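By written order: A, B, C and D. Residues from 1 in each chain.
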Amino acid sequence: MKNTEKYLPVIPVLVAYAALLAYGVLIPGKWQIASQLAFYCALGQAFNLFMGMTGYVDFGYVAFLGVGSYGMALPIYHLSDKGLGLWLIVIGIFLAAVFSFILSLAVGAVALRLRGAYFAIATIGVNEGFRFLIEGARIWNGSEGLLFFLHMRTAFGKQTATAISNYWADGMVFAVAIVAAIMTLIYMRNKVGYALTALREDEDAAKVMGINVTKYKITAFITSAVLAGILGATAWSLKYSYVYPSDVFEIHYTVEAIINVLLGGAGTLLGPLVGGIIYGVSKYFLAIILPGFQLLIFAPVIIAIIVLFPEGTVGMLKKKVIGTPLEKYII
Amino acid sequence: MSLLRCENVTKRFGGLVAVDDVTFEIKHGEIMAIVGPNGAGKTTMFNLINGVFPADEGKIWFEDMDVTDFPAYKRAHLGMGRTFQIPRPFSSATVQENIAIGAMFGASGSETSTDMAMEMADHYIDLIGLKEHRDKPAGGLTPIEKKLVEIARALAMKPKLLLMDEAMAGMNPKDIDEMVVFIKHIRDTEGIAIVAMVEHIMRAVAGLAERVIVMHQGALLVDEPTQKALTDPRVIEVYLGKPPEDEHA
Amino acid sequence: MIFEQLSGNLIQGLVLGAVYGMATMGLSLIFGVLKVVNVGHGACIMVGAYTALFMFKQFGLSPLFAVPVAMIIGMTLGLIFYYSAIRRLLKGPELATLLATFSFGVILEETIKQLFTSEVVGYNWDLPKFDIGITVLSLSKILAAVGSILVALLLYLWFNKTRAGMAMRSVVEDDDGARVCGVNVDWEYALSFSLGIGLTVTSGVLLTMFIPVGINPYMGGPYTLKAFVIAVLGGLASPYGAFFGGVVFGLVENGSYTLFAMIPGVEPFAMTRFFSFVMLLVILLIRPTGILKAK
Amino acid sequence: MLKVEKLESGYGSMQVLWGPDLEVKAGSITSLLGPNGAGKSTLLWTILGTVTPTNGKVYFEGQDVTDLPAHKKVNLGLTMVPEGKNLFKEMTVFDNLSMGAYRKEAQEVKQENLELVYSMFPILAERKDQLAGSLSGGQQQMVTIGRALMTKPKFIMMDEPSQGLAPKLIMEIFQTIVKMKEEIGLTILLVEQNAAASLGAADYVYVMHEGSIKAEGTPDEIKGSDEIKEAYLGM
């Protein structure tokens, strides 16, 4: 396959995100919905990079968003009066990436030696463990969290601070979603992706083929975690100007990540995008029709998908387009 | 220089000695068969050779390098390929991708780009005659086709030693004869040593192997050229059993 | 003084540990028979807590009466969930059962939230307290521990002395062996899942006898984590291992609480929870098959 | 007593049985010979019902039992001594035997059957409180056979009962099998690699290879025939 042809599937991804962005920008009053959908897509894209490609479930995934949000919150909270201006955001994103990198390395070094169920068991406590470490050892203000609404104003000025919360934070969520999708495609088209496919299908056979499975699992785990960290930094810290440990380590975000990936199709490129939008839209309408019932409705949906359509929307679509010109674009 | 040397290799599972103090050598380019009844320790021996789990005692040398403590993937990089008794292709990947994965991560994997691997895969697809299935997911193939894909995948690793675990189980006699010819052909063209574990299909052993190792209850019973091994009274006893009345004689 | 406090807390830990142990047996049973990890374990405990709470507040019944009710509720939930989902997923990838049991937990949590709101509630079962010198034990706690030990004992007797229990044990040991003896292995799978959930829901009742406050739909999370620590301590597939793992964990938890409380500037409650997470990782790293197991 | 018609089955997409036909007469020992991987064990598990047949029929005492699950077949009086023994290793010898008497009809005669098993294998009476996993290979084999006898069977399938045993023990096991036929009146389908010993005990012999029946006949007809050598050694 030629290089250009290899990366053709990026087109529908870019088109979809551009359409979503246009919908939010051009139609008055729709920006919040569009950015919320982008958040679900980004969450799914980032989560899919690990869960979809390796077949391992990380129940503590939200911990990476959590530490990422601290990575952004801390410099703004502590350095707002240093006159760093927008550099603070750069530092924040950098710190978010570093925090989530370190946490994923630490967790991965232990948990990724384990297989399947044992891996899941090891990860189920990560978010809680980290939350209680912050609260228990009173790190980063402990259970009181960090509130930096005023610090944002000091650092960036009132108008810019508002614009950051209302627009730029969301814009960056779009960016994370697109970067995550592109990373997924790059992985898929390179050795990493083939190694991950192999180990997802049959870990022993993969080892015998010369694949250092631990190395590739860690690669996917860290990439996925760092993207989550940056997502937490932008979608939560920058947007809301506060971080509470009880909020940012909330396991429901892991549930949402799982739903987004499964609805769309685990291990596909377009899946999390499609899944994120289906989930986001239905959640939005459910909130109007049956407020408070979203999770009660979505949890059985997960089970139904696993039992009845384990391939997800895009997985089924992929099968349909085999042999048609669309085949090159949909993965 | 031998290609592979096992020295006094022992493996225990709990109280059971699965492989008991086994020593043998494999030369470059030879076809050897390991045979023996069920539970003789053949599969365990295979797993020890290619590092699925470590030996409890003894040493394993590959081209004079001590690989006893190497994990499976490192041994694959040195040139060990393997197929499984029940074929284990990566089901969701296409035939071409399956074989390309072998090329990407095998002995010459570090110099092989994904594009090169795909081209190499095409070569092996021709070799096994599955051209029309090239872009199909391997999970949908027939068992024999899966087996062929697995062999091609192992060959694409450019191994010096190919371990084939019951490559012919579940095949009818015609397929077996074809497979024997095919395996000899790849040995001749690719110049690799082949160790086939074909403990029950004696027709294949007789037609294929130059040398036979017979294992029984974890230990090495016989290590001889094929004809000699198969007519050895100890081997016949292991297979046909000794009539009970002989015990009293 | 510190020593007294520590030994007082250790006795509390021993009593709590018995309850913890019982609260993990269901998890180990399900894993032992089906090799399924019930990620919704904590939510099942939560259902038990609400069963006790509801019967106490609504009918003024002591939590002891809630024990059989919880068992029935749990076994019914287990059967429904087994036949609607788990049975079809047993042959699939591990991912499938993990996600399914996880969703099962979410369904329980959200249902309870709709029925009882997400308010944190509790009840006050006024029973006498005993001062045993180094610590004070309430009768309610003692009943919880005794109840747990009784349930564990009953399970042990059932497994070892009854025909039905032996049949389930035989499935754990070797399912083909069980088949040639005429055991309906598929039914044993369903039954063990049902029994596992039943035991877990029941343990929720006993836990509220120990801690009758802090009841809310999302209280299960920490228990899932603790149960995993306990289960891997005891060897994951062994209900009795789990029971002893629970006792050890209760001791370690209360011991570490005492120690954390002595470090200034630290919230001992949260640190104890963090510690259980660290313990989980360490145990999994050293010995995923269980530390307490003999072999 | 048992009739198998054109049975096909396998694991996943790998077909192992290619339609063997087989008949076992009541009160006989029928021996099924063939090399490893010929599909003998798969045939037994398919007859029992743990491996689902994709085609063909199984009749037991004239009744079509093809689709009955394993436990219902055991209730009809059909059981198996599996090759891997499939013992309950962490249970005592006594508990293993008790599990054999799981079905209701077997419960009623549990005590008699227990005495029968202990009289056949006195060592098991001595070791009844030991864990089955701690016994020697030969004793474990006795437990497996004893467990099968406890189910009050009419028909037992035995998968390689002599495997891994010392020659002296093999002889004892075969004597036991003949006793089971002659003294208890059981019908036995015997899978063996140990052809010589098996031929000595059998009334009728089938030779299986590559998933189907290649030859059949009385032991004398099979003995010395070329089919066996062909199937076993490829020479």
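Basically, a contact is a pair of C-beta atoms (placed from the backbone, for glycine too) under 8 Å apart; a residue touches a chain by one contact, two chains touch by 3 or more.
Predicted, not measured: the structure shown is a model, and the values here were computed from it.
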{"item": "Pair of chains with maximal C-beta contact number", "value": "A-C"}
{"item": "Furthest chain, CA centroid comparison against subunit B", "value": "C"}
{"item": "Centroid distance [mean C-alpha coordinates] between subunit B and subunit A, Å", "value": "43"}
{"item": "Separation of mean Cα positions, subunit C and subunit B [Å, integer]", "value": "47"}
{"item": "Distance between the centres, which are taken as Cα means, of subunit D and subunit B, whole angstrom", "value": "31"}
{"item": "Touching two or more other chains - residues of subunit B", "value": "none"}
{"item": "Graph class of chain-chain contacts, one of line, ring, star, complete, other", "value": "ring"}
{"item": "Full enumeration of touching chain pairs", "value": "A-B, A-C, B-D, C-D"}
{"item": "Contacting residues of subunit B [partner subunit D, same complex]", "value": "37-39, 86-87, 141-143, 146, 166, 169-173, 199-207, 217, 230, 236, 239-245, 247"}
{"item": "Parts of subunit B lying in touch with subunit A, wherever the complex brings them together", "value": "50, 52, 71-73, 76-77, 82, 84, 88-93, 97, 100-102, 104-107, 109, 114-115, 118, 153, 157"}
{"item": "Subunit D - residues contacting subunit C, complex", "value": "48, 50, 69-71, 74-75, 79-82, 84-91, 95, 98-100, 102-103, 106-107, 147-148, 151"}
{"item": "For the subunit C and subunit D complex, residues of the former touching the latter", "value": "163, 166-167, 169-170, 173-174, 176-186"}
{"item": "Touching residues (chain side subunit D, partner subunit B) in the complex", "value": "10-16, 18, 35-38, 83, 160, 162-164, 167-168, 170-171, 174, 192-198, 200, 210-211, 232-235"}
